[in-house]
Amino acid sequence: MQFDPFVIPFNIGLYFILIYVVVRSVIWFRDLSRPDKLRLQRGFFGSAFALSLKEIFLESLIHRKILKTNLRLGYMHMSLAFGWFLLIFFGTVEADIFGTKHLNAPYKAIFFRFFNPEHGRMGLEAAYGFLMDLILAFILSGLFLAVFKRIYSKVVGMKKTTRLKTTDKIALTSLWLIFPSRLLAESFTSGANGTGSFLTGTLGSWLASFLPAQQMAYPFWWLYSISLGTFFILLPITRYMHIPTELFLIFMRNSGIKTGDKAGTYSEVQTYSCSSCGICIDACQLNFSAGITNIQSAYLMKAIRNNDDVSDIADNCLMCGRCDKKCPVGIELSPIRMIQRRGVEAENDIRNIYKGYFRSRQSVTSQYSAGSPVYDFLPESNPEKADVLFFAGCMTHLTPTIKNSMIKILDASGVNYKFIDEHGGVCCGRPLMLAGQDKEARELINYNSQMIWKSGAHTLVTSCPICYKVFKESYYLDVEVLHHTQFIKNIIDEGSVKMNFLHKKVVYHAPCELGRGSGVYDEPKAVLEHVIRLEKSKYEDDNSLCCGGSLANMKISSVKRNKIACDAATELTKGNPDILATACPLCKKTFSSATDTRVADISEIVAEALIIPEIKKNINKQISAIKETITIS
Amino acid sequence: MNIEGKKAIWKDYQKEIAEDKFYYVRSCVRQNFFPGSETAFLKIMRDELKKDVFEHPCHTTCTGIGYHCDIVPVETTMTVVARQFALMTEAGYENLLPSCITSFGLYTEILDTWHHFPEVEKKVREQLRKATGREFKKPKNLAHASDVIYKFRKEIGAKAKYKLINKNTGEPLKVVDHIGCHYSKMFPSKGVGGAEYPYVLTGMIEEWGGQIIDYPERRHCCGFGFRQYLVQANRGFSIACSKEKFESMKPYKPDMIITNCPGCPMFLDRWQYVINEMEGKRYGQNGEGIPVFTYEEVAGLVLGYDPWDLGLQMHQTDCEPVLDKIGIEYSPEDKYNTSENIIKSKSHSLINV
Amino acid sequence: MRKHVVVIGGGVAGLESAGCLSKAGFDVSILEKEDQTGGHLNDWYKLFPDRRNSSEVKEYLNGITLNNRIELLTNTTIKKLNRNKTHFSIITDKGKELIADAVIVATGFDLFKSARKEEYGYGIYDNVITSADLEKMFRKGEISLKSGNTPKTIGIVHCVGSRDEKVGNFYCSKLCCVTAVKQAIEIREHLPESKVFCFYMDMRMGGAYYEELYREAQEKWGVNFIRGKVSEAGEAIDHKLVIKVEDTLAGRPLKMELDMLVLMAGMEMSEGGKKIAGLSGLNTGENRFFAATDHHYGSNRSNINGVFYAGTCTAPMNITETISHARAAVSEVTDYLREGSK
Amino acid sequence: MEKFGFTISKGRQIDYESNNRWIAEYIYEREPSFRLCIECGGCAATCTTGNLTKFSLRELHILIKRGENDQVRQNIRKCMLCGKCTLVCPRGVNTRNIVVLVKQAFNKSDDYAI
């Protein structure tokens, strides 16, 4: 019977963490909403499972995404995660093959060298020992980087590294101790017995040359065991919880579970899956343009895990979504932030803004949602009938050129349309949502929805990405919602408008709400390519910048907004384009004051290029119709 | 409060007040509000100061209240006032001495208007002649009755039987003075001491041993404001004004209030009762109200006239606290007792029988 | 033969013009009624908008005027000012006669006598002071109430004696707003615990870096601005000042207790100026300042050929404007004398 | 009361001392740009809500500073947070945050029943 007291710390730790993980996952499963439970079950017996395994291998072990974005950082994570995995795997195999009997207790594998000091002299054993040493060296190289990252984060090519709380520090030290102590323990043992391969062997024999190897080995085996034990025990209360949690996350995601807009198992799993790698910090413009360095998603996740008051962190964010796209673990950071903004607001289902699961007109038939109405002053809306509705949006009313260009384009297109908020409409509700005030937002949403149904239109065109996102995401509409860039693309394809080619050099800035927010990247560029020469910038699609004007940030000062705008504008206009094109009134307004380059909305450029044929039939009738559209106020 | 600075201002507002031969015109409302006052005034002028004060039986209202309520047009008012002047001229007097602040203000206003617009005066003379066949000279001197008492305050002080001093503590009584708005707010130069820090009542009080107190709402209106009171729906504003004054003077623990206007004593006196009825608030010490006097009443008191002859029993806020502080003798049982024999028994009675 | 120019008034305008005249090669005499030159600079501690020390400007002025070509007569007022053909004869109160080829009138301004606004109780309530009094306190380095205590809440009343038909001044003195803002900031500097309230009718910040100063007052010093003209000041039992004002933005009357009330006295034609106008027949305008012959291109010229105006004797001006106005006066004088010599 | 047929009218005067201006303080602390307002009224002019009902951020702003909170309590909820005011403000006042903070402050005050 091979046993030694020093393995006790390790065993305690191991069994504790195993039990903890099991219990935790049961609780999580119980807390899942009914439909999510079904999804998970379906996923388990479906393709999701296989997918997940693949992903776990690629992401949790190899850390492919990090490798892509940052090679050194990726290597660091990979060497530790993948290396350790290999060490355990081959360790177990080793113990199984070369051990006294099969199917050993885990500690036998971990401390194999202690219990089999004579092992690995020659032949296959030696070859295997070589493999094990190789893996250990692989891990140590990564560890070496990690230690340096702490001391000087540039080593792994990062501008910022996350700050730690004390338990994290302890856990970190124990983690760092694990492999060096294993190295020394094994080396001494090998040194004492003349075994060991290129790493442990060499180091061992050298140490043995001037130290009493036999006596020295034992304390290091203790240290090895203790550091493993401590690490396991601390795991649940430290960021390292992400190691086990990420597996759940991957599986749940592949089973098609979404964050939604209320805190729950999934959002919790995601928060625990954050490894605080800090990639979101580098991606954040508040960090590198405005010098706000304490509100990035990594910190948010940490604050949530520690049950701190997150309101200040949660509100001070542009919600540009850059971090979502960059997160190697694929955590839905913005939705989680929104949950935090809502705070206690989002209890009642009627207030539920995310309509992902149940597509119905529930609770929309009445203008007001639960509770006492706030906007009871809104007038009864009775719009005229029309095929297409044009909803300019509040911001567009502050950029009349966009408004007029759209009117020009709509007229030219010859569609039968109505300009519903010509005389000032009611806000789309998204700004309220972004402030976490869903109940109020729901009132406005219901009000606008009613107006849209009454008009009997089949298409709704808006010039404001903010409106567009909320119309698509949170309105229960049976009309086709289009951003004006999409609408223009359609009428170009139909050939219902003709355009000149303007010999101008244009760079396109994808607005957050339209691009990352709603996944509309191609139509705007297609439209632009149709009328001008489109230049590429360093910041395309998912990587596009935020103009800084975002309504989502409640806290940022106008000065810092302007900083962000200037930096972004400078980046985008590096190739000295004639026009900095965008597709959002807010972006336009923000950029105009930040650069000397002409800033224009796509609709403006199109309106410029438009060839107006001899007066369209019934155009006058249309215009007069517009004039008479519902006059609110 | 820097008294030197005030004196400097008072210097700039020294109005001319006639010596003798006054043509006295009574107020419409005072005789119902505080009937003793005007009688006391006449007695003081005639008996104490030996002045010639003439009253014309044909004197009528100046229409001031109607005028300030926008129900009497200004030209009508002017013509009525012209008639008063005519009566004075006929009686051979030229020093007009109104008892009412509003009349005083109105006369001042009209004389000033005529000064700037002679054509209006001409028209009014014409109207008066057509209407009554009367002609008139403009008064040589126009002074309010309180101006005259102020002018002769020293003489009165010399004859005084009592001083405005708390006989128990020896401290001067703390007095709040309240000047009628129409006295000098319209024409600061026509008031003794101007509009911001009028001296007319202060002068009397200081002369007779009392001490004036300044308080933030000193210049605030009593709340009469004619339409404010006369229209019941507006009375809330009227009483609110008085209340603001009381709230503001309360911390100074005033012993009494002295006024020189028909309306002010009425409202400062009666509203104390109403406020107490409505909110159970009193502003004087130990649960009493703050007694409110007209300057004639105060003059009468220091000269030793009988409080009941001065009509203090007509006050809604009891005056006894002040009488006791000064140490004035009076018979509580006679307060409401006006039977013949009592009146007769009083040789020096003010009441003309 | 060298020409001789007499400058009446030894304030900023007087000194600047005298300096330039001597540079241009004229003999200059400065007549100053006080015992020292510098005028209002002597009463002011720091200057807006950069809050530099007024003494710096005074040093500059002394620098250009201390030379043998300039004769300085202090404690001197004038009795007579006559023009006989080409020359002016000026007789001082001391009987001295000066013969001048040209005269520059730089009699400057007087601060509005705040006691004239009785309702504010200047000279009646101990802790109602003027902007000038406050400057003296700044110079002393301590802002204190009559009682010796330090004020906690301080009110500043704009437009005292300016834009006020009641005292016959329809014009805006231009500098009181920025002075108020400057002094508000200085008060907060001296007394970080204090609260300062500015009661304004309009904020007239039309000068280089004035608006920026206004913004700083809000942003950095937390000065409160209430839009409404104070109607009256009274005194509460604890000797706090009780002011009444309409908060025109809230559309409601407002009452507030203050420890100290600072009156931003406006600018008026100086007494000396009035006297000279009287004895020389120089025209004055409706605002009682000297009337220049043309508002746009003749702001230095008077109705008497050979007499020119410099600085605030013609209208409220800040130091920058005064100095340029003085230099303009000098160029007018040189032209005049060159033609005269022909 | 009936026996008089009228009551003592409440004064319209803003009593600066006795008014509770804690909400203003609450905002000054969290949104310093609150101080920068010069009451130009630009916000009220462009306001989406103001287009539909009586609502002036400019006025509410001044009322908060004077401690006239009751008038603000109901009205502030009318804001739709659309953000036009923030865009037009000449002094760079973070108006949306102010609205959010006012609401917050009232919720707090309701909790602690201040």
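Each chain gets a letter, A, B, C and D, in the order it is written, and its residues are counted from 1.
Quick note on the criterion: contacts are C-beta pairs under 8 Å (C-beta built on N, C-alpha and C of every residue); 3 or more make two chains touch, one makes a residue touch a chain.
Quick caveat, the model's predicted, so the values are computed rather than measured.
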- prompt: Tell me, which chains sit next to both subunit C and subunit D?
  reply: B
Farthest-lying chain, centroid of Cα atoms versus that of subunit A: B
Field: Per-chain Cα centre nearest the global Cα centre, belonging to chain
entry: D
- request: By the contact definition above, name the pair with the higher C-beta contact count: A-D or B-C.
  value: A-D
Query: Once you find the CA centre of subunit A and the CA centre of subunit C, what distance in Å lies between them?
result: 65
Query: How many Å are there between the centre of subunit A and the centre of subunit D, using C-alpha atoms for each centre?
result: 37
Field: Geometric centre distance via CA averages, subunit C-subunit B, whole Å
entry: 46
- prompt: Between subunit A and subunit B, what is the gap in Å from one C-alpha centre to the other?
  reply: 84
- request: Spell out, as numbers or ranges, the residues of subunit C touching 2 or more other chains.
  value: none
Statement: Shared-interface residues of subunit A (touching two or more other chains) are none
- prompt: For subunit B, what residues touch not just one other chain but two or more?
  reply: none
Statement: One finds touching chains in the pairs A-D, B-C, B-D, C-D
- line: In the complex, the residues of subunit C that touch subunit B are 115, 118-119, 121-126, 232, 234-237, 242
Query: Which part of subunit D faces subunit B closely enough to touch in the complex?
result: 1, 3-11
- request: Spell out the residues on subunit B that touch subunit D in their complex, using ranges where they run on.
  value: 232-233, 235-237, 239-240, 243-244, 274-275, 277-279
Field: Of all residues in subunit D, those that touch subunit C in their complex
entry: 12-17, 28, 32, 35-36, 38-39, 58-59, 62-63, 65-66, 68, 91
Message: Which residues of subunit D touch subunit A once you look at their complex with the stated criterion?
response: 33, 46, 48, 51-53, 77-78, 80-84, 87-88, 92, 94, 96-97, 100
